[in-house]
Amino acid sequence: MKHIPVGVLGCTGIVGQQFVRMLEKHPYFDLALLAASSRSAGKKYGEAQPWVVDGEIPHAARDGKIVDAGIEPLAASGVRVFFSALPPSAAGPIESELRERGCFVFSNASSHRKDDDVPILIPEVNPGHIAMAERQATLHRGFIIAGSNCSTSGLVMALKPLESFGLQSVSVTTFQSMSGAGRRGIAALDIAGNVIPFIRSEEEKMERETRKILGTLEKAGIRPCDLGVRASCCRVPVREGHLLSIDAEFGEAPDAEAVREAIARFRGVPQQLALPTAPVSPVILRTEEDRPQPQLDVRAGSPARARGMAVSVGRLRFKGRRLSLFALVHNTIRGAAGTCLLNAELAVAKSLIS
Amino acid sequence: MKHIPVGVLGCTGIVGQQFVRMLEKHPYFDLALLAASSRSAGKKYGEAQPWVVDGEIPHAARDGKIVDAGIEPLAASGVRVFFSALPPSAAGPIESELRERGCFVFSNASSHRKDDDVPILIPEVNPGHIAMAERQATLHRGFIIAGSNCSTSGLVMALKPLESFGLQSVSVTTFQSMSGAGRRGIAALDIAGNVIPFIRSEEEKMERETRKILGTLEKAGIRPCDLGVRASCCRVPVREGHLLSIDAEFGEAPDAEAVREAIARFRGVPQQLALPTAPVSPVILRTEEDRPQPQLDVRAGSPARARGMAVSVGRLRFKGRRLSLFALVHNTIRGAAGTCLLNAELAVAKSLIS
Amino acid sequence: MKHIPVGVLGCTGIVGQQFVRMLEKHPYFDLALLAASSRSAGKKYGEAQPWVVDGEIPHAARDGKIVDAGIEPLAASGVRVFFSALPPSAAGPIESELRERGCFVFSNASSHRKDDDVPILIPEVNPGHIAMAERQATLHRGFIIAGSNCSTSGLVMALKPLESFGLQSVSVTTFQSMSGAGRRGIAALDIAGNVIPFIRSEEEKMERETRKILGTLEKAGIRPCDLGVRASCCRVPVREGHLLSIDAEFGEAPDAEAVREAIARFRGVPQQLALPTAPVSPVILRTEEDRPQPQLDVRAGSPARARGMAVSVGRLRFKGRRLSLFALVHNTIRGAAGTCLLNAELAVAKSLIS
Amino acid sequence: MKHIPVGVLGCTGIVGQQFVRMLEKHPYFDLALLAASSRSAGKKYGEAQPWVVDGEIPHAARDGKIVDAGIEPLAASGVRVFFSALPPSAAGPIESELRERGCFVFSNASSHRKDDDVPILIPEVNPGHIAMAERQATLHRGFIIAGSNCSTSGLVMALKPLESFGLQSVSVTTFQSMSGAGRRGIAALDIAGNVIPFIRSEEEKMERETRKILGTLEKAGIRPCDLGVRASCCRVPVREGHLLSIDAEFGEAPDAEAVREAIARFRGVPQQLALPTAPVSPVILRTEEDRPQPQLDVRAGSPARARGMAVSVGRLRFKGRRLSLFALVHNTIRGAAGTCLLNAELAVAKSLIS
């Protein structure tokens, strides 16, 4: 089950670097291939882009040569498991081709999230949806498993412990960090000392993906849940971490203490299986009056391998059928590379890849 | 009616400076007294604190000597109209004493906002509540008219044009600027690159003051409206301007075009009376996909004297009985000094002071 | 002498907007043409780009249609005086062509600054160099007058009053604002909470241009002065204003009081001629212990038309033959549009254009 | 030699937290005492202040009870080795008293740096000065060893490899981060988007301490070196890391290649002794065109225990007898807690404490 060679597609961007960082000394996977656009191909990994994520660049990756992320170089590598942090335009076709050739793709790109047979998987939330990967593999030779939009991952992680209380609708306003737009996605003068109350397609993604992730797996595919979701998405001058202001409405007034306990005790399949990247507590309940905060809480999650994998929630305020709270998610870890890696670990545990 | 001598209490802080700035060459008022705590008393105004608001420090104020904001020096000055930017602890007693001595106090402090006989006045929203000042003057010799909390002023200005569509409840998440906490209110390391999802007492103020402002004046005082208001208040690393993400719910689905028109055409009593500090359009409807933004829109309002007095709204999104939108208010102008000044102008127009 | 029609090339960028702003109700010039790249051509000025400089977009410009900044549309316009904020690649050829066609170009671009016959003019510093424009006009039909690099303008303005004390060499470290890189010149993640100790070609420009500006006009052209200049240039997360830490060395120890007086009393030709955009005091001496600061002092300069045209200096520290000080310049006004406009006003005063 | 119990004075501030973090699982020292002002005394360490430095709060410290940093509670603890991050006013007397009682104090406070018998020790730079601690111990029962001012530590580390080339004078302009002022030292509005060209007493400290550290140990004490040092100190909106722009002047023009090699190969006593917190390369030479940068390089230093202990230098520019370069130091690690800890490790290696 161990030491499966893997490749990272789009390895130079922030999410690509998170993949490389989290794969260092991984118990299941060996980083065997670094791929990026032709602009970086041929360069040494350590020289292509400055390392901007936590810690030092892994020694093994530093001198690796970047391969062009085209189908032929990838197929020629012999690697069959890929983590994709490619931009959507590139990700769509290359991920499909890899699947046809029998590869297993864990993708952070949005390209295939709407596909009927591709699950948007967050192992603590909808682990059963991994069955869709098996279905894919009967039609194609491999499969694609998508991670969710970065804000959505924080929202559904925060909502999951609340589901059983009869959640009916949710309204969310986001404070999204600059890293969510990629390394060069936002001009400094546009965001310095400012808030931009618009992120293209983000509100639609949060509404659609939340319903798919919380949906029911049926023979015909996933039936989206009918949770009402309204999102208002903003960019703020923060480097890492998306903060969410959530207003949830229940069928009837929930018991405050029961809700707090459900959050604090929440564990999922990754915790039961003790997957390597699973945080002990996937949702951390903060009881201070002013938490969670991006600067203080974005890297929540233990053990060390799971730093940034826990979603922090706090400031629970109950009022009749309504509950207001804040949640914080590390957008390039739990909201991107980390969940894709956890998806792959789950797939290994379920013997879908080997 | 013109050239009424006025004093500014708490003249060295940001709101105090806005008062001094806006009073320069004012058609009704002459700045005759600068008062502050004993720490600044005796200093030249231009040397007490750096000037941090727009433009140059008014020439006439620069060399003025700051008076101690105690009742005796204030009473001795002969001035009867005061603009108060004192901190709440100081404001409470001194404003009461001034009222007893027949003075008219336009206060930005929260000290008297809960008083049964003190209106929280925003001339475009609840101009009729100024009648409460007359009632006060029969009991005491003078009166106090409060301005609202800074975020609340943006909220009720944005809601006023929507009131007639059958507004039932509103949920708001705020992105509040650092100047709202005063010049030294927040430590740099606490807020740089961060969001703090808590501002003490702010959510309660937004809920309570909104209902009072939109309430009905009755014989016994103001009966708060029963609008459901939920607020989640955050501090962001922005210098000026509070941005609000508002979700409004109506009794029945409003007509989108009618709502847009109601906002764009909204005018109030200050516009009808052509008060000096009244903006031509008190609520500005932005139609771009990514506005309003603090950096671009915080100083909205024309003519020049009314810069920062207009609230900008944008990103209207209709869904059944719900409307989501963003609003932006200049927290130290429309949310503080500017509205207090407009209140005083209305009082002059109504012959309550002379 | 008045109401000369002028055009602004590159009108949508920050420097272009400063030109448009400063030309509003100008006593000499009428804004008759707005030109930009083909990407903006055809659009209404008010819709091409958000207005990011001080005040409201001038009413007259808002609805103006942007013309393509190619030689034919420009020539066809009949305008003969141009202010250029084009990027260097575009500025080089178009400015030359306009000169050949008898036009007068006041350029912020670096394209022609090295030309032997083009002066880098700062009217308070080297007004005599305007004679080079006359020389150009005998060879070509028109002329080009360049403004200096933004940091350089602050440096030479601060040094000018010191020149007579026997200045021998100068070492400068800069803290340059993000607007100096243009509206989209720096990615937010690169500069947020960071300092970048490198700006391409900037140190060479500061060394070369300073020597040219402070050089001597001879028959063969300008002989650069032999002042030793060393520059270390950094980008900081500030929106506007370049701060300079200057170490100056003199032939012998200067008298501190005489130096202070020379700075405070410094006046130049624009002040003598009372040019419209000339600040009363071109160099302002701050005596506080912690000034100048970008946030507090960047807009220094009076009257209102000259805001941002004064360079502020402070923290003078004398030690033998050495003087350390800080200087602050508004990089898009005194360091760009404002000086070019002042150059044009000088040209009008000298009857070089009419 | 191992498992010496130690105490941290001023444990709740940023430097105090760095001490606690770096002492986790330390091979020589056991954290046995957490002390702070009476405001925090009695609280659990994990609840006194939010943890703001890297990683999770050490498990062992989290539940520790904070002791009042008065002489009696400290003496009663039986601990004899102290790391002090107290504010200067408190540090002066308490450190003296501890010394009288036979304790060994490694202090980050400035209180005793000017004392004739207290060395300012940076083990890579002036390890021989530790002999002064022995001298102290003959007069008093214990000793105090001071760490240097945070900016100074970066400067002398960068200069040390250059010393042998005949360094004559140095001029430095600093870009100092906000954490250098302590957790609540700077108001957000003062520094956001700004540069403050003044830090009280900092320039004097850099000049005086540099000469003492690079001075010669003689019988009568340390004779300061006669290096000319001029400093201009600024605060910038950066969280961690002081960047220095250095202009050095030599007796004669140094060979560029030899200088580069001297920097890259520089090793000191801590490296020879393989002290636990010693970075493999104490000075790292960056060859990129735009490094070092606080965001990318502040945590330089390997192995993991030595992160933030290496000073990064780059952008070497030679011109005759002059060399310009940039250096970056982590102000709360190498510039504070880390160097004090390294000083203690050196003292253990020299058998001064046991």
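In this document, chain identifiers A, B, C and D correspond to the written order of the chains, with residue numbering beginning at 1 in each.
As a working rule, a contact is a pair of C-beta atoms (placed from the backbone, for glycine too) under 8 Å apart; a residue touches a chain by one contact, two chains touch by 3 or more.
These numbers were taken from a predicted model, which means no experiment stands behind them.
The most distant chain from chain C, with centres taken as the mean of CA atoms, is A.
Distance between chain centres (mean CA atoms), chain A to chain D: 40 Å. Each chain gets a centre from the mean of its Cα atoms; for chain B and chain D, those two points are 48 Å apart.
In chain A, the residues that reach two or more other chains under the touch definition are 52, 192-193, 237, 239, 295-296.
Interchain contacts join each chain to each other chain, per the touch definition above. Chain D contributes residues 52, 178-179, 183-193, 237, 239 to its touches with chain B in the complex. Those residues of chain B that touch chain C in the shared complex are 50-52, 56, 192-193, 295-296, 302. Those residues of chain C that touch chain D in the complex are listed here as 171, 173, 175, 192-198, 230, 232, 234, 236-239, 243, 245, 247, 289-296, 314-315, 319, 322, 324, 326.
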